[in-house]
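For clarity, chains are labelled A, B, C, D, E and F in written order, and residue numbers in each chain start from 1.
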Amino acid sequence: MAGNQNRYKLLAGNGNPDLASAIAAYLDRPLTRRTLKQFTDGEIFCSIEENMRGADVFVIQPTCPPVNDNLMELLIIIDTLKRASAERITAVVPYYGYARQEKKDAPREPITARLVADMIEAAGCHRVITMDLHAGAIQGFFDIPIDHLTALSMVAEYFRQSGLERSIVVAPDTGRAKAAEKLAAELGLPMAVIHKHRPVQQQAEVTHIAGELHGLRPIVFEDIVSTGGTLVAGIDAMLQAGAEPDIRIAVTHALLTGNAVERLTRPEVSELVVTDTVPVAPEKHTPKLRVLSVASLLGEAIQRIHDGRSVSALFDPKRRGEA
Amino acid sequence: MAGNQNRYKLLAGNGNPDLASAIAAYLDRPLTRRTLKQFTDGEIFCSIEENMRGADVFVIQPTCPPVNDNLMELLIIIDTLKRASAERITAVVPYYGYARQEKKDAPREPITARLVADMIEAAGCHRVITMDLHAGAIQGFFDIPIDHLTALSMVAEYFRQSGLERSIVVAPDTGRAKAAEKLAAELGLPMAVIHKHRPVQQQAEVTHIAGELHGLRPIVFEDIVSTGGTLVAGIDAMLQAGAEPDIRIAVTHALLTGNAVERLTRPEVSELVVTDTVPVAPEKHTPKLRVLSVASLLGEAIQRIHDGRSVSALFDPKRRGEA
Amino acid sequence: MAGNQNRYKLLAGNGNPDLASAIAAYLDRPLTRRTLKQFTDGEIFCSIEENMRGADVFVIQPTCPPVNDNLMELLIIIDTLKRASAERITAVVPYYGYARQEKKDAPREPITARLVADMIEAAGCHRVITMDLHAGAIQGFFDIPIDHLTALSMVAEYFRQSGLERSIVVAPDTGRAKAAEKLAAELGLPMAVIHKHRPVQQQAEVTHIAGELHGLRPIVFEDIVSTGGTLVAGIDAMLQAGAEPDIRIAVTHALLTGNAVERLTRPEVSELVVTDTVPVAPEKHTPKLRVLSVASLLGEAIQRIHDGRSVSALFDPKRRGEA
Amino acid sequence: MAGNQNRYKLLAGNGNPDLASAIAAYLDRPLTRRTLKQFTDGEIFCSIEENMRGADVFVIQPTCPPVNDNLMELLIIIDTLKRASAERITAVVPYYGYARQEKKDAPREPITARLVADMIEAAGCHRVITMDLHAGAIQGFFDIPIDHLTALSMVAEYFRQSGLERSIVVAPDTGRAKAAEKLAAELGLPMAVIHKHRPVQQQAEVTHIAGELHGLRPIVFEDIVSTGGTLVAGIDAMLQAGAEPDIRIAVTHALLTGNAVERLTRPEVSELVVTDTVPVAPEKHTPKLRVLSVASLLGEAIQRIHDGRSVSALFDPKRRGEA
Amino acid sequence: MAGNQNRYKLLAGNGNPDLASAIAAYLDRPLTRRTLKQFTDGEIFCSIEENMRGADVFVIQPTCPPVNDNLMELLIIIDTLKRASAERITAVVPYYGYARQEKKDAPREPITARLVADMIEAAGCHRVITMDLHAGAIQGFFDIPIDHLTALSMVAEYFRQSGLERSIVVAPDTGRAKAAEKLAAELGLPMAVIHKHRPVQQQAEVTHIAGELHGLRPIVFEDIVSTGGTLVAGIDAMLQAGAEPDIRIAVTHALLTGNAVERLTRPEVSELVVTDTVPVAPEKHTPKLRVLSVASLLGEAIQRIHDGRSVSALFDPKRRGEA
Amino acid sequence: MAGNQNRYKLLAGNGNPDLASAIAAYLDRPLTRRTLKQFTDGEIFCSIEENMRGADVFVIQPTCPPVNDNLMELLIIIDTLKRASAERITAVVPYYGYARQEKKDAPREPITARLVADMIEAAGCHRVITMDLHAGAIQGFFDIPIDHLTALSMVAEYFRQSGLERSIVVAPDTGRAKAAEKLAAELGLPMAVIHKHRPVQQQAEVTHIAGELHGLRPIVFEDIVSTGGTLVAGIDAMLQAGAEPDIRIAVTHALLTGNAVERLTRPEVSELVVTDTVPVAPEKHTPKLRVLSVASLLGEAIQRIHDGRSVSALFDPKRRGEA
């Protein structure tokens, strides 16, 4: 209650060590010393080497692949902090795994995105910071405050500098139509929507494009890309619809499993812009890949939350200086 | 525990008495005798006149306008049933009020759709049946089982019989693009998407249409319509884009406040098809209005839930007879 | 955690704007800027225009008529504050609606006063301030701290100055006998009890008076008055028992629905003293009506709660200066 | 789920073995074999000797003195049953200890009656049966169904047969005015109210009587009597007010600690009628003491609850045969 | 509520398919058809192909390596069943991962065994069946009923037939002294205790043996063996203490990571007896390895739980036929 | 929120007034003025005479005999503090009653140690300090932080000074083998284990001793001693095994019911060392009894918790000065 009210601490899981270091560097604060390891049987063990009593702790851990290990590690860290009497525990989860299982699309399916929220709360977390959730309503899966940041402005700024002549924003599927609308509005561009049928989950069958692409350079903004199957089908459809073979793709959460990088950097794609919410393995760093870092965005949010200053003001240039 | 296991009971709030009666008629079961009134100071009073111990009770109450009164009435009924030792309480909420407040669109806004879910659970409800939620993820706001029905097949069937020549499904905004895609697939029609900017909540500013409407007859499928402002702007945009003045509009939840009916039955609109999830006042019954009843759909779901039979099979002709 | 610990903020719902302003004036603090409106379909929308992170917020909202709207507004404000990371949320509910439904008087009735408490807690409230609850045990419906203030001293002081010769405190029904006992003790007066049968809720049938009223001037202290039916019957009984036609009535929560003011200011009633826990409409301000303001009482309680000083000391002149 | 649905079992704590046996006899059902003992250090140990899986168990245990031991025993039995997979656990608590601590009468006091309710629920109880609660609102302290029985009819019937000439019902304090009103109505008698000041809890100071007692034979109905101090002061006041020295006292929960029996069977008291919700020790059985048994009332309620039949009908002769 | 009360269903996760099949064979019941797969990004997807409404479902899933995947799969299955309206969900977890993290051995460590229990309950599980928990108190981590079975009798019976001449039960560490005592009592053998220091978790340093081993044939009974490091050190100590090179080892949960099998089947070890609570890979099936199946034990428990018959009677030959 | 953040307060129950006073003396802080009494019917009443708003309160109350009264008193104090708006409530429970009922040893038994934990949490406690729990896993029964102190170092230090020649640490039963191992390691002594059968709870039947005692002076360290039956049997067994009649016994929680002191200070026992976690009645202070006080240990822990400094550092001489 007394002496540690002003302490805040950063603690990194193993999900994205580079991002955690970058945030720590931005904030000019060391990462808390801790042991986080897996025994030979796969059980995770956590031990924190600094006193946590009364501290305001930010745990940096995207739940990217290996998703179950990273999620469990996050929960175990939270449990450790709760039992070590941390005053407030904030889970900084730049990428929220299982976000695509946010509703039942068929009978007898789970809503795993809610299950994950319940687990994080049950473990003792007081607050969550995350980015570009697959569905905004996932905010409502939490009973605790959640700060939902977005890479949209960062992506828009990137494309603005990269050139917008004869460009069009294309939603890669109907579920992304609203996000495409926002980006198009921010960039002052027209938009089109790829619509498809997806008979089996994570497998895509492109059908039509609503909107005119002829002679235009498509910009596609996706939240999560795993195998890239949907996008590849979208690229084919766009080319067939007369789009220029100068497609630019931006992805917030670049899981890029299998040969996704290869498929998404085919000749007709000129740029693949991703963020570092999930680690991008060295072998994926091809010439066409650009990585935008969210470290300063997350770092600034952490600082403002600790200080009790507005986080939303962070996205509004005029309000940056506000209390 | 013993003698009443097989009893199931229907109990109607004041939200939509006609629908409740129609469901009761479908199931050939009386509505439970109860007193539900408001005192002069507006407080709601509930008293049930039949023994409820051990019963499997279905409370029929859409939370349509007056939304707060209907919601509170639902909660009070649930509390009454819980304290009267009902074995299982299912809230049948064909229209789920506050569904459009399902995420924070701006800082310091509520997520009222989650708040409502929490209230229903806290009151003691064991299960919910609802229809065409504004966002599918609202299912995940509940920790209890929820059966999410849809009027889509009913609407598709209606249009199939009404004629599909030179027709196109048009999403009235980007948030409905996915629903339009489903309807278009079911009807084998092309689709287009109206995209707009919405500077202030519930006020709409149409901008473009992605897709080609020239000479086509638009079919628009909306989940909720209050004042109809968005749709009116959409109609203007469609006509401007060359659509035929033979627009057909379907709405699951027809709140139709203010002069919405008048605005939506202007000459260029040939049909306004709605369901009876919320009561449609007599004065709204203009010649162009068609009301499809969901009573048999809800009644059949109630019967199947009580019997422990599949509800999803209800939407699959081949599986209707399944256990 | 850091910079905003000492901030406290006042936020008013639409339940009683004048009282909220009076409290703000007493505390010399502005009301927080917010939007609180109802859409045409009756849904309430809340948006707060100031940063709430880490703040100690007091929400002023009696749940007077329209009770369900005011209650829902309170819950939505609380949800908004919770998700906006307010540190502590105190609901200041001078009048607690549904307080008279605090127990089951007959089988298959609700206990709505508990339901309301659960809803306030479920929404995320940390503390409640209220006044003159219909039953003291409602305090126990809450799991969070509740400060239960009373207008009794204020009322007693008023009557002390208005003259106590040949006066007697009369309980308007047996449920108010204990309150009458307290007021009689404070004023040093004798007391009597009206007892009645109430076959149907909110309808009264006076039968006898226990105690001697002949030639005395009755003082009646009621907690809540809606239609005034019980009181009117009590007035008749008192006059019939020989009381002087100089009856004085005090009411903490003056709902005064229908023609209650007219009925309660008949010639034999010399004064109708009420407080401003609920708004008293201008047309009710007849010459016999006196309004005592509870603004300073609530304002002082808010200040003391924020400062961590004793609220009970507020009711004990010798302890007012205590920490 | 399968074979044991129709089993119901009675299990007695050590609170009132005679009452438990009487209930078992009424229901013609054996008490479940169990070990319930205290070790030398006072810890209670419970072990049940029959299979409880799937059973509908009724635990008979008033929380009378030694109140903390009996309460803890009840909780431990419930925990045992929960972990032994009982299907439903009903606590039959004829006397609910700590009921008089149901609100804060002064700052920094507990609301122990709510605490007890929370403990019973937290232990895993599904339902409660109790009698003549000190305040009806205690029903609302529970989130689970509660059947609140009353000995009023039984007591009224007793006095009807014992003779009502020149009788008057006298409320022993203002808190019992409502109960006196009910009994007076049932017996067709006038009523009076003793009012007093109670400077320190459980110590009483009689002041006045509202109502006319001269030449009348008082009937006093109290819910709980410990030392009898309040009643003794009431007796003095009634005699002083000219009442006949033929006072009859009825008490539902006769704790009768210290020399209460002696004080309450002084010459001016003609009868002391109590029930067996708490055990009445043999040495208290003086000639003026009448014990009415609640065993059949509780037994009938248990049978009806198990059968899913109405319990309220039990108190309405015309409805006794109802489902 | 109605038609499906008597249905019980078996559903297997991917943790131990052979055991699940063996249980299904014992019960002569098919495993429920379901899809359980991992996407390329590691997310688990579950879909159940049969109607689950009202069913009593037993989910067979040990949380053995890969522990986090198997645990998450269990939770997702439970969520699916809850949302598919299963009446009762029982998690059959023969091996309970993370059981060794059941208390804080040092500051700022988690209690992951409790965290796992909370997660299972939060997901919606109603009951757990498990075997030979590392610490009995883990039963108390659950608020739901837990049936805790043991392989002790099965192991004892095996050794009884394998010959007990000149044998002694040796506890491999002080934490297993109580289990060794039980086995020694059951077999009528003397016992000894290996005690050690464990400076770092999961690394062992044998020091002494309390008890006399000279010329005796040790029997060691361990609950969980990962790398076997502790046991190998124990073997050395026993041999050094003069034990015969005819050591027999029994292990309930044979994780046997790394080269554990090789280390534990060195010449001085004559037998390594394990159960199939976790899958034993084919390459571990060396001549000295004996696998005892727990399928009939678990199958019988499932049948009894569904039938509402005693599970404890299962371990008591005289009570096997009991209800 | 504001002015009282730095206040911490000590409040003592009636469980161990001398220890509370000693802690208060160590911390140089007064005990909070409060009334804690039992009425004649055994109900406990609590009233606190100082303002508690915003305070960090430490409630000192071991749940020693009379265990149920002391436990209930603790819960009522917590409820009082919660409702009096204390900011943080820490239960200082040096002896945790019912700790030995921490798992089911037989079917249909409770897990009362978990029940007690749930009750403490449900009452509103935020943190627990306790000592030498019967099983470490009881830590996991709590969802709130728990600081688990030990008297081991204190006891070790005592024996180190009392002389360790020809000494051996003997575990009084297999459940204490691990504690004996720790003490033996700390003292650099060999160890032995008494193993026994305990057919009925709290009754012991010594069988063997694993380990060599001939000519050695046993040191026995027990956590809880009630009647001392187990220890007496152990003493006989040790002597029979050739141990010197110079046995030293240490007990953290010395309940010492019945004639335990007499039995444990028989001629062959040279010292009985206990702590003051539970009060040691004056008549038990025989010449062989040594009482070590835990007041400074608990006092130091309280101070560090309030200051947000490490408690574990307290047990590590090198880290005492750490933040």
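One rule holds for everything that comes next: a residue touches a chain if its C-beta (ideal position, glycine included) is under 8 Å from a C-beta of that chain, and two chains touch if they have at least 3 such contacts.
Note that the structure is predicted; figures quoted are calculated from it, not measured.
With contact taken as defined at the outset, chain B and chain C are each touched by A, D. The minimum number of touch steps separating chain C from chain F is 1. Counting every residue number used by either copy at the chain B-chain E contact, under half are found in both chains. Interface comparison, C-D versus A-C: the higher count of C-beta contacts falls to C-D.
One rotation lays the C-alpha atoms of chain D on chain F, and its angle is 180 degrees to the nearest 5.
The distance from the centre of chain D to the centre of chain E, each centre being the mean of the chain's C-alpha atoms, comes to 49 Å. Chain centres here are Cα averages; for chain A and chain E they lie 39 Å apart. Measuring from the averaged C-alpha position of chain A to that of chain D gives a distance of 61 Å. Between the Cα centres of chain E and chain F there is a gap of 33 Å.
Residue positions of chain C touching 2 or more other chains, listed in rising order: 5, 83-84, 104, 106-108, 111, 114, 118, 139, 143, 310-311.
In summary, the structure contains touching chain pairs A-B, A-C, A-E, A-F, B-C, B-D, B-E, C-D, C-F, D-E, D-F, E-F. Contact residues on chain D toward chain B in their complex (touch as defined above): 5-6, 8, 56, 87-88, 127, 139, 143, 145-146, 304-311, 313, 322-323. Looking at the complex, you find that chain B touches chain A at residues 102-108, 111, 113-114, 118, 135-141, 143, 148, 171, 174-175, 177-178, 180-181, 184-185, 190-193, 195-197, 208, 210-212, 310-312.
Across the complex, chain B meets chain C through its residues 39-49, 52, 64-69, 71-72, 75-77, 79-80, 83-84, 97-98, 100-101, 104, 106-112, 114-115, 118-119, 122-123, 201-202, 226-227, 255, 257-258.
On the side of chain A, the complex with chain F involves touching residues 1-5, 7, 51, 53-55, 82-85, 124.
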